[in-house]
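A, B, C and D label the chains in the order they appear, each numbered from 1.
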């Protein structure tokens, strides 16, 4: 069971990362779901969500899942992120990201994230992400 | 439903890649499971399965899943493979790999593969793999 | 020798991607250097350049290098981008990115990008990126 | 300057990894070059060097470069390896791999490796690799 509630994590994100507008949807065993409402500033020419926005959402999804497992660790940092762009995201749908943690070690955590334009069956992107966890 | 049976793909592997000893366990919608029996030649010092063996099994799992979707395409080639090593594999257990295809386009296919030492709950490695599919 | 001048590519970027503020510094044989001036909107808490900004700069560096090699191809799209975060970027320095193309095929191009906080010897991040090139 | 000579590292590899046939060619500041002589057991159908062989050579190149920087650390392990296959390797040429370390931290080291069929100008594959370094 996650150590923290989604409200605790949402509150932590608001305080520590005031610029993020990602919403924590749910926490579950070794995973999390987050949502990014899409507006014009997230789009690129051609009417699609930009790659850096997808990366940012995936990174937050991973961070939320990790905080749910190990508690508030503000200094955890992304060391590697690999993203595959699979399909063109819809311009007028939220991005919903599901993270599943693959490993939570003492020093490294690895997770994968599938990103969807809400309401579509197939993912728009897939991310694998590694976080370094600071020594206590 | 896969285009080919597991027996057809196993037979193709035996003919085209006679050196592989990977066994096709099952095919399913956009996915496949394969098995590698482990013997001394797959191990490295410390009594664990070597990284290149895990990579090779993941690559075959992806290839099998892809053939199941698009039929026999001998010239499909791996263009990118990214592997995260998560836990030390057991020296005396088979490696079982589950591939799920994330995208099968006309020119590129992307899949992810989770690798397990048989009987363990947590994966020993996770792979994301891209294949280029030749033009007809 | 690049097919296009840096002015031609800068002009194309301004027209097609009006929101980007990346500056094309130089084009060379199978490579390019670009610069991102950093201001508050590129920073995250802790006073460092955010990961998605680094990703965006690397992606533009790769695109510029590719356009220099193959000419204006508006529909080339990123299919995979893998970033390693190596050191904390300075909050008050420009980000300078050097891209070197590793392969320019008919259908795929692969490049690597080293990103620096200007004036520092060691890279803040390293990216490997694949673009799919549309069929003519 | 590397902490160890290439003879010291070659001797360590022979003792600890007796099955490897990789030859340490040179060590330099934050880098190393290694060579794999290719014979039939490294080839796959179509007369080309197999992907897992390329991965294994890149992994050793990274390990050698790392040992040159930090001394003999037998427990350093690969945590992530991402390989792009760029061109078909020649069946009858050695594989030569050049590793350049991008970061050597206390806990993680990251390097990139370019692999060549000897005598060709363009790389056959490119690898980015992360090692975890055990705490002392």
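The rule we apply is simple: a contact is a pair of C-beta atoms (placed from the backbone, for glycine too) under 8 Å apart; a residue touches a chain by one contact, two chains touch by 3 or more.
Remember, it's a predicted structure, so these values are computed and weren't measured experimentally.
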Contact distance in steps, from chain A to chain D: 1
Chain at maximum distance from chain A, centres defined as averaged CA atoms: D
Cα-centroid distance, chain B relative to chain D, in whole angstrom: 24
Between the Cα centroids of chain A and chain B the separation in whole angstrom comes to 27
Report the inter-chain centroid distance for chain B and chain C in whole angstrom, where each centroid is the mean of the CA atoms. 33
If I count partner chains per residue in chain D, which residues reach a count of at least 2? 79-80, 82, 84, 130
Okay, in this complex, where on chain D does chain A touch? 79-80, 82, 107-108, 130, 132
Footprint of chain B on chain D - complex, ascending: 16-19, 44-45, 50-53, 55-56, 59, 77-85
Per the contact definition, I'd like the list of chain A residues that touch chain B in the complex. 82, 84, 86-87, 102-103, 110, 112, 114, 122-123, 126, 128, 130
